[in-house]
Amino acid sequence: MCGIIGVFNHERAAELAALGMFAEQHRGQESCGMAVSDGKVFTLRKKMGLVKQVFPPERLETFKGKIAIGHVRYPTKGSATDYNSQPHTVDSLYGATYALASNGDVVNYFEVKEELEKKGVYFKSQNDGELILKYIIYQIQNEGMGIVDAIKAMMKRVKGAFSTVLATPDKMYMVRDPYAIRPMVWGKTSDGTVVVASESCALDILGVENRLEVPPAGIIQVSERDIKMFDNDPNDYRFFKEDKHCIFELIYFSRPDSFHFNENVYEVRKKIGAELAKKDDIIPDVVVPVPDSSNFMAVGYANEKKCYFSMGLIRNHYVGRTFIKPEQTIRDESVSQKFSTLPNFFTGKKVVLIDDSIVRGTTIKKIVNMIKKAGAAEVHLRIGSPAVKYPCYYGIDTPNQTELIANQKSIEEIRDFAGADSLRYIELDDLLKCVESKDKYCHACFSGNYPIK
Amino acid sequence: MCGIIGVFNHERAAELAALGMFAEQHRGQESCGMAVSDGKVFTLRKKMGLVKQVFPPERLETFKGKIAIGHVRYPTKGSATDYNSQPHTVDSLYGATYALASNGDVVNYFEVKEELEKKGVYFKSQNDGELILKYIIYQIQNEGMGIVDAIKAMMKRVKGAFSTVLATPDKMYMVRDPYAIRPMVWGKTSDGTVVVASESCALDILGVENRLEVPPAGIIQVSERDIKMFDNDPNDYRFFKEDKHCIFELIYFSRPDSFHFNENVYEVRKKIGAELAKKDDIIPDVVVPVPDSSNFMAVGYANEKKCYFSMGLIRNHYVGRTFIKPEQTIRDESVSQKFSTLPNFFTGKKVVLIDDSIVRGTTIKKIVNMIKKAGAAEVHLRIGSPAVKYPCYYGIDTPNQTELIANQKSIEEIRDFAGADSLRYIELDDLLKCVESKDKYCHACFSGNYPIK
Amino acid sequence: MCGIIGVFNHERAAELAALGMFAEQHRGQESCGMAVSDGKVFTLRKKMGLVKQVFPPERLETFKGKIAIGHVRYPTKGSATDYNSQPHTVDSLYGATYALASNGDVVNYFEVKEELEKKGVYFKSQNDGELILKYIIYQIQNEGMGIVDAIKAMMKRVKGAFSTVLATPDKMYMVRDPYAIRPMVWGKTSDGTVVVASESCALDILGVENRLEVPPAGIIQVSERDIKMFDNDPNDYRFFKEDKHCIFELIYFSRPDSFHFNENVYEVRKKIGAELAKKDDIIPDVVVPVPDSSNFMAVGYANEKKCYFSMGLIRNHYVGRTFIKPEQTIRDESVSQKFSTLPNFFTGKKVVLIDDSIVRGTTIKKIVNMIKKAGAAEVHLRIGSPAVKYPCYYGIDTPNQTELIANQKSIEEIRDFAGADSLRYIELDDLLKCVESKDKYCHACFSGNYPIK
Amino acid sequence: MCGIIGVFNHERAAELAALGMFAEQHRGQESCGMAVSDGKVFTLRKKMGLVKQVFPPERLETFKGKIAIGHVRYPTKGSATDYNSQPHTVDSLYGATYALASNGDVVNYFEVKEELEKKGVYFKSQNDGELILKYIIYQIQNEGMGIVDAIKAMMKRVKGAFSTVLATPDKMYMVRDPYAIRPMVWGKTSDGTVVVASESCALDILGVENRLEVPPAGIIQVSERDIKMFDNDPNDYRFFKEDKHCIFELIYFSRPDSFHFNENVYEVRKKIGAELAKKDDIIPDVVVPVPDSSNFMAVGYANEKKCYFSMGLIRNHYVGRTFIKPEQTIRDESVSQKFSTLPNFFTGKKVVLIDDSIVRGTTIKKIVNMIKKAGAAEVHLRIGSPAVKYPCYYGIDTPNQTELIANQKSIEEIRDFAGADSLRYIELDDLLKCVESKDKYCHACFSGNYPIK
């Protein structure tokens, strides 16, 4: 998971892009980067660290230019280098005249990369954004294509999820894969600046009034003159397109104040909580979320059930690396550093504990244990997503299938493993009731039903 | 506001101290420091930055020793240097054999400092912790006092709030001012390690089972042999002592999962919300807190009134320095970086907005404005503390009196300034109903009734 | 003045290049850089600092590849940035496949740069090496030329001095301007590694046995298969070529153990001293050089005259920035930091002081004064080069004409300014007696006779 | 070997001290440090690096105060830390009120250190300067001595060589061991600033006119009021004092422009050369020094013999760490990085090669080999010191006895090892002819005759 931003036609594009990246910081804290065009070439800076560390105000001031694209990157194993960060640029005799940032995952990455490498193309990273960029540039430079045709050619060849912003020194292109898997919204500020982002919360902080989805397989070109949408050939089967948005964005990844796929994220979460409540005949003393992603689910549950909601778990936001080596036995502190229980809160209570999902099961086990040790009489675990049984190939860093607890154990076994008194996942059908168009979502991680092979 | 920690008699004292400092990070993010005794002398490290940045695991490993004291420091203007950080040590021919960390504020700082400077004592910082330490050491070295007598002498001379931990290479002393203004709790882990901290959440993460208050004017000496409490002379009027805890710790500073002054912080906040609700005949569509400090007040309000609670404001936790220069006009982004409104949430709603306090009034004005712009029909502002009319001299960084809006304006004027439809503060009497012993608190910032002249 | 190095076909090319750069460190201490080919693309590192600082062993180990080119850069005003350092590379879809380092100065730099910029070529530096590289690459990419033809095209268009090494991932090209102004030698080690350098002392340290001059207007291509010399069209007047070596290299710049233009540098300097002595009827008590560049001139003078030679001035080699601000009056320490007089050495002596040249005259004035203050009875100044009256446009950083003291004052006036008892420059004719082929040198700085307009 | 400096009573004491340290840089390049008194306490900075790196002008400006002491440190194995650098200070309640820098070596270091450690004194370094300082302070603080008596007490207890400068916030003390082994000179500038240094070249650059030796066992106190010399009790056998200067300072360590022990260093070296020449019946083609320490010996030799002197070996001054790993076989580059031979210089020549000393013999072997490979017909090695057979315990970092080649091999065996055609050391008697008072020198490294057991 990552976040992208693009700002077109603002005197202080770099500052706006940084502000947008900051709003998307929750989508990636490992590294971030920005490329700014001065009208001729791009200046690039990308580095390990948070947006406010990598782009302090005195640094931003040196990035002169009216077009800026940016990226925040999620930590993934074995790739924590400046090179693997985004954006990517391609340099030439004429300077760095292309820059690209992408969110998603390319399914046929190695196949396409090898094809290009055989033609001599050189890769500096193990990153799919670089692949997409170099594929496009190769078509332009070697096949004589125009940039839009080159993007179309890329779309035919590169399979997977990509919400991508590509910039030249005077134009900006928004590009989205045919299933529109990862989120991507854009809009205009009152002074005419075009902004594209992964999440609408980044548009909001920049003052964009009307947000629009980039359509599946969409190519939108922004120039000083106009904004143009390019249609792919409707008769070409390779451009079959269909909304298959990642439903996990609504459940977990996105900020609750974002508006994706025509949904208010927090509203969907409240509905999920309400759906869970409807199936439950339990009368809890209190409904408690695992903060912060499950907060609205718990509110929704409590409102539906007319029972008490409270935040019994406190989250420490100054997280980061773990202090103490594994042999340290005082406390299993990887969880206790992140969460703590309110004192004298749980004693003797029948608790409904809401979490958004269970992946490996190790964290929820520790949380349940922590609540039990804090004196809870019963802990009834309610999960705001169906059981995660299949890995994601479209941009979410899931473990391999055998590490997914729901792939290996029955619900009763998971309940037992977690130490909960009862456990219920939301049913996929009930989950789909919480969104407007149930056909427009990818839920392969629950159903195994992948839109792309 | 700052936080202290002391760990006595653990093979990995530095790691435990770091963990405790991490739990108290909310009390100070500017700088932090630690002094560790190897049995002979202290090694000191203090630096600008968060605990996890200043003390990464590889650094902690080099701090060998069984006694560690630590400190996290709140940013205060004009003093952001390593020197002003704590702990402080005093070096000599025999190495650094004293280390001290303190939370609070010395009222007669300049007077006592000048007195010592006249005697030749040298100060490296403008920090009251150094004053306390050097006053004590001066008594030991020049007046031939034992350490406990020297601490008592300090207590007679130094006025103000101090929750202080002092360590020698083989002993640790917990020292608290006669009014016990700032919080200070201690306890033992199951393996016999003694821990003292500003907040109980730091004891919790270290596995301390039974937490105890350090009494007002208390001096507790911890050695390998025993733990000893030293009583001050009951006939000496200078040791008049009386609990006058800072009530603002309960309202705002402390983590909700801390247990101070015999109170569950979150419970007090819920009661405050309930008290506010009882006086209100308004029927809101929704009760919304200014996150995170007012969350429990809003829950308490909603529960009391049986109306809807929801988090309509989202807080971005990746805060830090401001990006864009003041002339930037797109958005007043100092607030919009920190808070955002849920989309389509406030539209047409009658909102009760709960905040813990109003100091200058500038932030709440922007938040009310943000909610109004998001479509709220009415915003009724409810404040979980009485009007702040007087500055604090005991460790809270309040602006001077003329900047306190409640000192300058009537409630109606403040309501008008904030743009709210109505405004109510909790009454001091009602606030005191929320705690067990109403006489045990300092509420000078509301009442002007200062325990120390 | 700068130094270049190229190493072809050695498993540890980067280490050899660093060693060669170290031997040429006297040609430039401001910054240095290296580009190493792994067979496909170049890795580049260039930075302010000395060779041993920028390329410590642990860094060199990471530069894998069999071709390496390097550069040391002389400090020139207003350009002390990593960008202005060399080598330069040009990047593309295929990686960085060209790297170039050059010593010299392009006379029509701004004209050619503007021509390329109009065609869209982008420049990252204000450095002539980048101009030469981009001119060549432009011909290859836009005019469809082969690399050798592109180099020839560059030679027709770019005027001035350039001793240049250009590398592709599998070939190395040595290129020298038609007047062979700056030095450039190459050779092979016993194990077949080809090395090219500015000075033979760099070849020596790498174990090259037979050193060869790169001819004027020469293009030598080194590949794994063979070494090939490309002749320019003899009928094309633009390739008129003629040895016009910079005679100042022999007088001052080069290391005395270098062998340039078929001359032993130290031998030429000794002969200069002897020529000066022949014209002198003075009988000095001692002959003293301004160290280190004039040492051999003084030895030559003393041997010719059979009089005493001694180093009466000591040079501090730990030079660098000046410590003390100009207002400091104890000593004019910019010279006294660099040179000091032997105690009790000069007292009452008639001294012949040898220096290689006088540019502005300010330093020699201070040295003469220092020797007089040390008690010398007479100081007779002898200069190993004719009066410098004209600026250099081919790679030496001379001040503009009005700052050249010999352009503004008569010899008698200069003597008076310097405070010497007598002053003699070597005559140009006598200087030319010290080299083998008097026609093969540029002496425009003395004669105003520029080979290139 | 190290260098010290002390500056008393100058508004810009730190700048002067830095300038003096810079003049003494040849005595130590590993680290340097300075302590400056503002009248109350010392500010200390010490760090790995050269003087100009550690004390750039902008840093010096922050060191306000009228007394400054400084130190440059020679690299010795296993101790390259900031802690082991000098000066040392002792801190207390009253700030850092003592600072000390010392050159020399304490013979009974471990014995005295242990004695102090038993009394609780804490040591931060493995450095004899700290021992001297803490011994003195201990006497002051625990035995109630005045500072001069404490210094005397130190002199009775601490054996070895020490040229030491000790400062309090308003006084400076120059202290020298009873044998005056290491050099130490002082004097006054025309504006009344008192300067003390290891070498007179540091006094010269600061404008000191009359230099004086600090006498053996001397204690000189400098205050704003006066300069006072303290005599030790002439009847106390522990103060037996006698000049036993290190003769190696004249041969090798000191800068040739220094004036030590009433001798011009360069003059002594010239005389050594002349003495060597007198015993030689060889008629060389050329006399060549191993630069730079042997330059004057070679000049003296050539002048005496009326034969040709020339610098046939060139020294690269940009030395530092070795680049290439030992397995590298192209060249034994540890020597070839430092020295190179003039091309076509040695061919067929009978060379007298002068070096100042032979310690292990490995370097001279490589130099002789280098000269032979350069074509020399004969290399006759002449050494300006007698055979080094015994280690130094007074401040020179010699290897242990078995590594001293002259301790293990006969002269003929050494000649054979070095590959020279003949080898002669100067005789000790002849060496002593080169100085004024032959009894005033320590020559234990040649004779085994140690002044201190």
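Going in written order, the chains are labelled A, B, C and D, and every chain counts its residues from 1.
Methods note: a contact is a pair of C-beta atoms (placed from the backbone, for glycine too) under 8 Å apart; a residue touches a chain by one contact, two chains touch by 3 or more.
What you are looking at is a predicted structure, and each value in this text was computed from that prediction instead of being measured.
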- Smallest count of steps, each to a touching chain, taking chain A to chain C: 1
- Compared with chain C, which chain's mean CA position is the farthest off? B
- Inter-centroid spacing, chain D versus chain A (mean Cα positions, whole Å): 65
- Message: Counting only Cα atoms for the centres, state how far chain C is from chain D in Å.
- Response: 36
- Message: Averaging over Cα atoms per chain, report the distance between chain B and chain D in Å.
- Response: 57
- Query: Which chains touch which?
  - Reply: A-B, A-C, B-D, C-D
- Task: Could you pull out which chain D residues touch chain B in their complex?
- Result: 40-41, 90-95, 120-122, 124, 134, 137-138, 141
- Message: Please output the residues of chain C touching chain D within their complex, sorted ascending.
- Response: 12, 15-16, 18-19, 22-23, 25-26, 29, 50-53, 55-57, 60, 189, 191, 200-201, 204-207, 255-259, 264, 266-267, 295-296, 299, 303, 308-311, 314, 316-318, 320-325, 328, 330-331, 333, 336-337, 340-345
